[in-house]
Amino acid sequence: MSEPLLRVENLSKAFGKVVTANGLNFELKAGELTSIIGPNGAGKSTLINVLSGSLSADGGRIFFEGQDITQLPIHRRVQRGLCRSFQVVNVFPHLSVFQNVEIPVLAVARRAHHFFRPVGGEAEVADMVRAVLERVGLAGQAQTPASALSHGDQRLLEVGIALAARPKLLFLDEPTAGMNPVERVDILQNIRRLSASGETTFVIVEHDMDVVFSLSDRVMVLHRGGLICDGPPDHVKGDGQVRECYLGEEVR
Amino acid sequence: LGAGVLKPTGLWAAPAKVKGPVKIGYQAIMSGTLAGYGEFHKMGVDMAVDEINKKGGIAGAKVVVEYRDSTLKAPEAIKNARYFVDSWGADFLGGVDSSGQALALAPVMKQLGKPIIITHAATEKLNEIEVFQKGIKEVFRISSPTYQDGNAAAFVAKDLPAMKWATISPKYEYGYTCWSMFKNTLAKLKPGVQFVAESWAPFGTTDFRAHINTILDAKPDGLYSVEWAGELISMMKQAGQAGLFNKIKHVMLPVGAAMDVLEGLGKEMPDNIWISGRYFFQYPKDKRNTAWVASFVKRWKHYPAYVSETGYSSIYAFKQAVEAAGSKDAKKVIAALEGMKMQSPAGERVFRKQDHQAVYTVPWGLTAADPKYPFKVMGKMVVIPAQDFFNRPPFKGPESMPPFKK
Amino acid sequence: MLESFVHVCLAGLSKGMFIWLVASGLTLIFGVLGVLNFAHGSFYMLGAYFCFSLLSHLGHNFWLGLILGPLFVCLVGYVVERYFLRYVYHIDLPYQLLLTFAFVLIFDDLVKVVWGAGSIGSPSVAGLSGSVRILGRLFPSYSLFIILVGPLVALGLWGLLEKTWAGRIIRAASSDREMASALGVRVPALFTAVFVFGTWLGAVGGGLAVPYVGLLTPGMGESIIIDAFVVAVIGGLGSLKGAFLGALIIGLLSSFGTRFLPTFDMFLTFILMAIVLLWRPQGFFGEEAAR
Amino acid sequence: MSRAGVYLIYGLAALALVAIGLFAGRFVLYLTMRVMLLAIFALGYNLLLGRTGLLSFGHGALYAAGAYGLGLFNLHVSHDPLLGLLVGVAFAALIALIIGFFCVRQTEIYFAMLTLAFGMMFFSLIWNLREVTGGDDGLIGISRAPLLGLPIGRDYQFYFLVLACFALAVWVIHRIRGSAFGLVLAGIRENHQRTSFAGIPVKNYRLAAFVVSGAFAGLAGSLATLLESNANPFSAHWSHSAEPVLVSLMGGLQTFSGPLVGSVIFVVLREVIERFTENWMLWFGVILLAIIMGLRGGVMGGLEKRLGRARAARPGGAS
Amino acid sequence: MLLELNQVNTFYGTSHVLQDVSLQVEGAEVVALLGRNGVGKTTSLRSIMGLTPPASGSIRFHEEEIAPLPPYAKAKLGLAYMPDDLRIFPDLTCEENLEIAARLARRQGYWNKQRVMELFPVLEERRRQKGLNMSGGEKKMLSLGRALMSNPSLVLLDEPSEGLAPLIVKALVEAINTIREHGVTILLADQNLKFCRRVCDRGYIIEKGRIMHSGNMEEIWADEAVVKKYLAL
């Protein structure tokens, strides 16, 4: 069996008495679109924070492509291909859409340290940026400052920035928060497509169950820091415990 | 006043008239905690200018003075000097409180080619190195240098029954230099003295309690301190509260006779403290000084501070030099200033030819109350002739330093 | 030896408490308004000058001067906040610094113009002008008084902010002005009030400084403001508890430094500041911020 | 304003500077040099403050590092001004590297206070190591030997060295701002968390920005030392670091020309005020107030707003 | 009429975000503002609350003109607001966040700390936790609870259902019903049509800053053309 993309061993994290990760063990396979769901406060964001390096783990180890990355700083993880987006919009507000995407592209292309050559002269980089903008559908607004985008477009940009780093594994924390249902389906279809292209493996956190169940290959359910259910959507949908503590009697 | 009446006739008769106003650019500290010094400078200078202009100016030409705030920072001093000479068209410059500024100005004055008379900054390096060694002719100093604070103090101290000395002094060159001069000279004058403690207070210290403790721990017989201005006031008050003057009987303050200090401390200045300065209004007790002090008090409702006197006399020094040279040409005036002897409220001054340092005598005295004044003045006075304790050219080796063989 | 040690401690304590008195207002204003107020030193200076000039009109009653003098400074603080600072809260932090710095320049020179450039020796305080003998050495009663006042002020402020509703409202408004106003807080008025209160603390510090330092000079605020900054910083900016502890540490450190390591006393202070900032930037009492 | 218009203005300014060097009187020459030195200092500084969003109170120390670096080299090793400048700049960069290494761990006000602390340690070293640094008297007697055979002793000669350095600094900083590195710095200012999730080692970039801006502070410091023929300890004091802040803010933080215009205003304004009154601080303060209250965003920022330029659309422009 | 907006116009800088918005809310009603992203729902609520004051138009509350009043005065009159970004005071504990609202409004009524905690039991558990460290969903509940603590006669809720787990959304539906039972009127902005249908009586549809349509919630739900035109595509 080939090495999984990400392997987590005994991961734990607590804030005082609040346990947000309680000895988690799981693996993520390349190309598998995984959703993480769970009640509010279950520890989903915290898990992403720990895996992506925003927070340090209290215990346990994280392996990415077989290598231990538990202690690596954020940018190293990103350079290896592990990236994330944020639950709240988190872009460069005063930079243009183009520049927003240009920064991660420069980093990937290892051009970020060129301090004397005009950035406009990096033709290759510009092409890559345009490609990303095409993919998320923001090509028409390349010169708009990010702060002037509508909320939905900012979310798209958010995903675009994350994609621009060419991650192998990308965590999306509620990528559709605050979007209207149509845009929501749109962007998730988009993700589905990108996932299918195989370049990037997506892990998303979502509260819209219609979307989660129709889209994902695999669903993981977190509750009080523990993994209470893990499997294909249908399996999870039918799980009693999940119904009780998360879904409620009927799927809305 | 008699001299004043006689002078104009001589003036109209002898020297050739100098063209245009004589412009003097004067800089001193006029902002921040030491701004009071700037005020005192100006009182003296304004008085001299008004007097001179009333009596027909310098060789017939009006004197004009422009002031600038020196801020104690070297680049500002340089900018001011350049402004005075290159933009305003000053013939001569005066002022400067900080040693660092005076040293930084020396090469600039050489470049600008105009004479300056320093009226406060005390570093001996100015005359010994910049003027004597490097030959910068443009710099003169009318106020007494660190010799007064270090060497002269030692001459006074040698007659006191104190064998163990300590210091609280400013944590910068001035403090270090004075203390080491004091130590060196006193050790030569009085073998066997000990120097038991030193405590250095950074610029702007307001709380001397820790320093005072350091001194009390060492149990010296004498305390020597070249703290000055507001810091000296704070130190004296806090020392009094800590009972220092009960335990240490001999206290020497080389710049304690500054008016801001005496007025600031008022009755809180203890009796029997040794004080001195660059000038003290009670000395010399001659007619010229008495009249000057009276007119100063009348005009400003203040007794003249030492910088008032040095500022005042610096203007007269230029006047005398211009009149002697018959021109305000820098080279000629410099030549006239070199070795020039002048009468001033502080007594007779001679600008030594080699190092351009004015040699004159300032008294040391013991503080005492006097009903005539709302502050302490000098009771017993000791006068050590300046020639006995000023370092001498060539400023190298022990022969240049006091005590000198007769 | 013991005598010396105790007196070095006492000197450190009084210095620390004295800095604390000034730093408290600075910390409060930073904590609530988020403004690093350079002009705080000026308020301190103005407090000293107003107290001093009232003295001669109040029959040299220091206490009356101490009560009335700072009120004038509050008026100044009010004008500064209401007509100037209020308009720059929303722009870059450096502009706020710059604005308060402009006031430093203005007040320093104004004091010079109004009260004269020279330093003024202060009168002593009836009842506290003497000294008490502690272990054979005299210690000024006034310094003892300062050592007592410091903790009292600290206690009062702590109670005010932690234990009263006014305090909680202030903390809420300081973290989110808009939301507080939506809940019914008159935020601009509250901020003015806090600023004026902080000003008052600084001015009282100035009033208390007159007999402590022994003199008044234009620009006297500059030397204290840096100490106050250091204290506010190592305590964790905005934390009053931290500032209090910071003041104690700086006071003692500088006192012992002066006594035992005289060459490097300034160096010591700043190295301590750097270590604290690197090790616990949120100050002694700050919590670890996770996100 | 069109691009050509901007180039025209820069061209005219350059011409004016050359003309000053050729025809102006000694004081104007001197003041212009002071303006250019301050501008080099502020331009470099603004790379940190305006671009990266880091407020430093330790740049005085870096300026002083340049000054003392050149000064000590000049007094003890060689009078060669070019080597001296190199040594000064290198020394400043080295100190910036050391100070920066610690300081970039924190941001915002904590960074400001850390730089203040390290800067003041450096100040205290200069003040106390009297044997080396001359204590508060500073280093004196620094001479201006010919540069590659060209004399620079006279002001009108030295002026052109300063002008050359100034032009070089303007050009280099302009290039840096427009480079990938410059864009990343702007990204760090806007959102450092996001920048690290773009795969960029934020601390290293902050450090690099600190060192580069420190090198320019050092250049300004060494040139100033040659100009005034002395180095003084107050230049390391934190309050001296406030000068480029003042200049950048007066001119406008987010604009390239801000620090340039700010330097001119700072020096000239002060000079003008001092011709009228000794209470220059008072009037300087009042005018500062007016600038802050009237033209939030500094003179250039304010002007741009007035001219109705869509600032938001500019790279790195801020509201 | 509890709340009445008439010809309200609001700008952000030069961009004209609300254009002649008029709407009415009766007492004890739950009314929804619907519309796509960026059409001005949040801005409408902020304008009512006075956080982005309208440039022109009238806002009447209890038959009184309140448009020129600052937010704090409106809070005292009985308006409460739950922003979309929640705005929990990070330094205060969960409990203090609740108490402070009651304290500031000084209005008596049904809601108090205990009742709010009964409504959202998680808050009881997190009682002493600092606002800063609560999860997104916890904050939402706290923010809503805080709005209730002032016993308002009208609460403005911005995106109440967003980011909540399905179970909690269900609880929220019940909570909103409880809230209205106790005489509190609600004006909410939400994207989730299903949710709105279950809690709201009427709805207004906004498009590019203008009210384009209004009606009974069931009617809107049923009117496919409208949904398609303004809410979907």
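Labels A, B, C, D and E are assigned to the chains in the order they are written; within every chain, residues are numbered from 1.
Here, contacts are C-beta pairs under 8 Å (C-beta built on N, C-alpha and C of every residue); 3 or more make two chains touch, one makes a residue touch a chain.
Computed from a predicted model, the values in this text were never measured in an experiment.
With every chain reduced to the mean of its CA atoms, the largest distance from chain A is reached by B. C-beta contact counts were set side by side for B-D and A-D; A-D has more.
In terms of their C-alpha centroids, the spacing between chain A and chain B amounts to 75 Å. Per-chain CA centroids place chain B at a distance of 37 Å from chain C. Separating the CA-averaged centres of chain A and chain E is a span of 30 Å. Averaged C-alpha coordinates give centres for chain D and chain E that are 51 Å from one another. For chain A, the set of residues touching two or more other chains reads 15, 54.
Residue positions 30-31, 38 of chain B each touch two or more of the other chains. Chain E has residues 133 in contact with two or more other chains.
On the chain E side of its complex with chain A, the touching residues are 36-38, 84-85, 122, 129, 133-138, 140-141, 159, 162-170, 191-195, 231-233.
Within the complex formed with chain D, the residues of chain A that make contact are 52, 54, 73-76, 78-79, 83-84, 86, 90-96, 99, 102-104, 106-108, 111-120, 122, 125, 143-145, 147-148, 161-162, 164-165. Those residues of chain D lying in contact with chain C across their complex are 49, 55, 102, 105-106, 108-110, 113-114, 116-118, 120-121, 124-125, 127-128, 238, 242, 245-246, 248-249, 253, 279-282, 284-286, 288-289, 292-293, 296-297. If you check the complex, the residues on chain A that touch chain E are 15, 18, 37-42, 45, 87-88, 150-152, 174, 177-183, 207, 209, 245-248, 251-252. Residue ranges on chain C touching chain E, taken from their complex, read 165, 168-169, 171-172, 174-176, 178-187, 287, 289-291.
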